[in-house]
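What follows are several structures.
In the two assemblies presented below, subunit A is common to both, partnered first by subunit B and then by subunit C.
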Partner chain A sequence: MNIISIIAATLLAPLFIGITNQTKAFFAGRKGPGLFRLYADLAKLIRKSCPRPEHSTWIFASAQPIALASVLTAAIVFPWNGPASSSLSLSASAALFFYLLGTGRIFTLLASLDAGSAFEGMGSSREVQFSTFLEPIIFIVIGFLVLFSGGTSLASLLSGASTAAWTDNAVPIALAALAFYVVFLSENCRVPFDDPETHLELTMIHEAMLLDTAGADLAFALYGSALKFELTAAFLAMMILPRFDSSIIRLLAVFGAVAAIAIITGIVESTMARLRFLKSPLALIGAALIASLAIFFALYR
Partner chain B sequence: MFLLETIFTIPIITVGLAAAIHATAYIHGEERRHFPRFWGFFISTILSMAAVILAGIFVAECELPLLVAWEAMALSSAGLVAFDSTKKSVRKATWIYLLACHAGVAALLLTFKLNCSATWTAAFFLAVIGFGLKIGFPPFHSWLPEAHPAAPAPASAVMSGAMIPLGFYGLLKFLSIHPMTLTPNFETVGWTLLAIGAVGAVGGILFAVAQTNLKKLLAFSSVENMGIVAIGLGIGFLTLSDSNCSEKIHIAGLCFGGALVHVLNHAFLKGALFLGAGSILRQTGTLDLDKMGGLMRRMPFTGALFTLNAIGLAGMPPFNGFIGELAIYISAFAMIATGDTTLVVAGFVAAIALALSGGLAVAAYAKAIGGAFLGLPRTAKAAEAAETPRRMWIAMTILTILSVAMIPASICFLRYYANAYATDALTGAAIAGGALVALAVALILVRRFTCPRGGIVTKSPTWDCGYHAPTARMTYTATAITQPLVDFFRKFLRTRKYIIPFKGAPEDPTDAAIATETDDIALSSFWRPAFTYIARLFQRAHLLQNGSLHLYILIVILAVLTLLAFALAS
Partner chain C sequence: MLTFSEIILALFLLANLALAGSGRLTHAIRLVAAQGIAVGALPLLLWDWQSAGIPECRLFIIAAVNALVKGVAMPMLLGYAVRKINTKRELEPIISFTLSRLIVFAMIIGSFAIAARLHIHETVASELAVPVAFTTMGTGLLLIAARKKAVTQVLGFLVLENGISVFGSGLLIEHGIIVELGILLDIFALAFILGITIFQIKRTFSSTDTDKLNNLGDTHLMHPQRHHHRTHA
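Let's turn to the complex of A and B:
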């Protein structure tokens, strides 16, 4: 069951990117690339060789596989089946989950610096700035979940509240979820922090770091970001969803919620402009304050 | 069982050995004439550190041997800092280091004098100052970014990996000999260490991010890591002081165990990084990250070892630096889960400080690796650098192997000796780390299999917007990578920028340049004004020493009269 859910999650990941893109196409009045575009792209790219900057080193050559491996490991430790997950997922700490995503980030960063282009340098310098502000928000939200659930492992944080506790704590849960949604947007390089559409422009972060990545490596990078999108959306979904008795229904509910988050993200991207880079840290600090507010509501209600 | 002694002795032996191997090649050319002086001070530093450990065992009976060994350690390591004494900056750094050491010993003398029931709190704060001057607690850390760049790299490795943590050994020994009539106030101890640790962890790494001198960056990162250890110890004492918590022994075991594990992890990782910085200095003649670049291809072994250790120290799984931090994270979460207000607040402070310092550490080490080893070489010397003699990277390899061994060793230690809470989470983290490595290898093989001609084949120039002649001046420098962060924290960092503007036409910016320098805020805004003020105060005493013999005789007569009056009165 656990292996099946992990395989289902890894297979479904590109679909959610497709859902976001279709939503955006709907708002723009376009026909859109279709829900399964990323699968086709990945199938095409994986069969291509990887041209590589001539002075780059083993860092560039191994970074994308390592980055994808760390996101895949995060998918393995993620408690897809709640209390019925494998013992590895049940004991895993929330810190492990987010630090695994961090390992992926640092290797992407180093690869972009290895290429030595000014564009990639710009992307990586923005990435380090944003990720610095993200970490505290993530851990305030985790702290809130620990306080709320009374457990310390990722599985117990995300087990979902009973209906009574859930209705009692609707306000703090909503605030924490809002703060984590901001984290989700920034972590996955979506509008208003980054724009995945703006390939080859000065304004981007994550795409800028991948300018020299091509072929199978690009497939790894694209798939890695799709999986990260799904994982962080599933984290958000499990924060909000109440407790389910059946783990199959729970898994289906989680995937449904991830699809809903993908649609919401598409709507946000269609209706909102990107923030100025200088304002983005302030938005993140605002999210940190919202998360802190959730804790105060939870402590003194 | 001598658990504490064993843990603090391991870095002395291992980092000492690796540094000694490295030093045989690090000191080369003309400097070899000074070999006897270097080895004399090096060996006496190692021996006096061992003496500190031994004296610590008997500190309950007599504290004098500890103080003597502490002073011997300070003096012999000052000899190492002063090794390159022809340079003015080195002499200045030695002076600051000696000042810090002796202020520390002075505080410690008072500490052990006041260690009785009535004045225990005062003694504790003096111990925090005295041992904190060695550890680099803020604001007493100012000697670290001065002394480390000045000292030879093997000496920096020993001082940062093995000597600095001895301050924690001393502090824990001091706490173990509290007067019997008194239950030590663990709440004061805990909050003090947590507050100092949080400030040190975040502030230290923030200043590391702003540095362009590689060894200064590593020195500030030591402040950060000692802050993390202090956070672990602080929340451990706070958990122990809480009377309601049922699992407090196990949670405290995880806190203390995590802090001690981090001491060892930091020793191996930072030892290897300082040795790597020394190798770079020997081969390129500079420690300025903006003047390096592209060294990975010129120095493949040093580069690979430096990269692995730097990512490890940034606390990323699957490397060992993560295990200690994870233990502290889990115990902070366990404290929040108790719902007890004190523990909840402390847990949040610890977790947020760790998260913020973890995020900044990624920036600092991405800057160090990227600036030194990746991209294109930015100076002729960097372009011509060659790999070091084999001994130098073998010394780094020894420490790297120890780092890898730390992953299972620290989990066994926490599970069986510290009797810690939630060790299955740590085991899970180690398994996940193994899975990460296996998956990465598998993906590289997949790429080999699916790609035509076995994956990476073609090499092309770096894409720079269609411009086909990328030069080293177009690559991002170390300063540029962290510029947005440094600018964001400018009020706190007070980075000075030296800008040479465009001279000629704007199309030809070859003359333009920028350099930045970030001073330690504690030194520039606290210690220097404080010492200037004290010096001015003492200048007033010049009134008594104006060269007039009449005044001197008057002073002597007054003194004699006062003494007479005093004698008659009593």
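Let's turn to the complex of A and C:
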């Protein structure tokens, strides 16, 4: 069961990006590239060779596989089946999960610096600045979940509340989920913070780091970010969803919620403009305050 | 149990945080309007429908008038003022937006700490109402003290007033309809006078920066031709 859910998660990851893009196409009145576009792109890219910058070292050559491997490890560690997950995911802490995602980020950063392009350096500088603001929010949200669930392992944090506790604490859960949704948008370089469609513009972050990445390396990077999208959305989904008795229903509910989050993200991207770069830290500080507010509400009741 | 009042009060706190960090005047007016409607609805949401039955007619009237004056009339008046004087945003606040937000957050912490020591659990309708009321009053004072534009200061006054209303309805203080309407008339008259003042400041200084009022004096008169009509002491 655990193996099956991990395989299902890794296979479904590109689909959710497709759902977001299709939602955006719907709002823009376009036909859209289809739900399975990223699968086709990955299949095309993986067969290609990887031309690399002339002066780049082994760091650039190894970075994308390592980045993908760390995100994949995070996917294996993730408690897809809640309390019925494998012992590996039951003992993993929440910090491990987020630092595995962070390791993926570090190697993408190193590769973009190794390529020696000023543009990529700018992108990585911004990526680091944003993640600096994100880390406190993530840990405040984890703190709220620890307070709420009593355990410190990722599985117990995300086991979901019983129906009574869930209705009692709906407001703090909603506040924490709102704060984590901001983390989700920024972590995955979505619209209010970064625009995944602005190739070669001065405002972009994630795409700027991948300018010299091509072929199979690019396939790794694209798939890695799709998986990260799915993982962070699943974290958010498990924060919101109440406890389920059956792990199959739970898994289906999580994937359904991830699809819903993908649609919401598409709607947010269609209706919002990207924040001015200097305004983004203010929005992230606001999210940190909202996350702390969740703790207050939970403590005060 | 989850109650509507809890959601409304949580939204109140979020609106306070947003108000402290928003420089766009129309945006801030919309937030205050939302707060006003919530203030109107709050007494009805805090009413114990199951045991106390259907409340008296005047509770509905007070709720409706509150929501109309604070949520519709006043924001429309201020929106009109903003359009008329063509001021779109608060450009140089005395305390920066990020710092204001952190101050409001500190106020939230302080209000929760104070409210926990007040021991008013017996009389209070919702435990959250008291800290939320304190925070809202504090946010109003912050907007009055830390902003330069007259419109934002009027908004601060309205937020302060909203905080007092939340405190009143949270403690189930009944004033009676005459007192409530009197308070509303007070606010309305004040907002009206402040609205006129904003126009006057704008006409005299071609800006709504209240800092410029500090320079008022005979030597700094903007219209020298008026000088002749003045009698010097």
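Methods note: the second predicted complex is superposed on the first by the 301 of 301 C-alpha atoms of A that agree within 3 Å, B and C clash if a C-alpha of one lies under 4 Å from a C-alpha of the other, contacts with A are read in each partner's own complex, and residues count from 1 in each chain.
We adopt the following convention: a residue touches a chain if its C-beta (ideal position, glycine included) is under 8 Å from a C-beta of that chain, and two chains touch if they have at least 3 such contacts.
These numbers were taken from a predicted model, which means no experiment stands behind them.
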{"item": "Fit or clash - subunit C, subunit B, common subunit A", "value": "fit"}
{"item": "Vertex subunit A; arms to subunit B and subunit C (CA centroids, nearest 10 degrees)", "value": "90"}
{"item": "Touching partner for A:Cys189 - first (subunit B), second (subunit C), both, neither", "value": "neither"}
{"item": "Touching partner for A:Ala208 - first (subunit B), second (subunit C), both, neither", "value": "neither"}
{"item": "Contacts of A:Ala170 with subunit B and subunit C, given as first, second, both or neither", "value": "second"}
{"item": "Which superposed partner A:Ala161 touches (first subunit B, second subunit C, both, neither)", "value": "neither"}
{"item": "Which of subunit B and subunit C A:Met239 touches, first, second, both or neither", "value": "neither"}
{"item": "Which of subunit B and subunit C A:Leu293 touches, first, second, both or neither", "value": "second"}
{"item": "Broader residue contact with subunit A after superposition on the shared chain, subunit B or subunit C", "value": "B"}
{"item": "After superposition on chain A, the shortest CA separation from subunit B to subunit C (Å)", "value": "12"}
{"item": "Those residues of subunit A which subunit B touches in one complex and subunit C touches in the other", "value": "281"}
{"item": "Subunit A-facing residues of subunit C, complex", "value": "1-2, 6-7, 10, 13-14, 17-18, 21, 97-98, 101-102, 105, 108-109, 112, 116, 127-128, 131"}
{"item": "Parts of subunit B lying in touch with subunit A, wherever the complex brings them together", "value": "294, 296-297, 300, 303-304, 307, 311, 314-318, 322, 325-326, 329-330, 333-334, 336-337, 339, 341, 344, 347-348, 351-352, 354-356, 358-360, 362-363, 365-367, 369-370, 373-376, 422, 424-425, 427-429, 431-432, 435-437, 439-440, 442-444, 446-447, 450-453, 455-465, 470, 472, 474-476, 480-485, 488"}
{"item": "Touching residues on subunit A, where the partner in the complex is subunit C", "value": "167-168, 170-171, 174-175, 281-282, 285-286, 289-290, 292-293, 296-297, 300-301"}
{"item": "Subunit B contact footprint on subunit A (complex, rising order)", "value": "46-59, 61-62, 65-66, 68-70, 72-73, 76-77, 87-88, 91-96, 99-100, 102-103, 105-106, 109-110, 113-122, 124-126, 128-129, 131-136, 138-140, 142-143, 146-147, 149-153, 200, 211-212, 215-217, 220, 277, 281, 295, 299"}
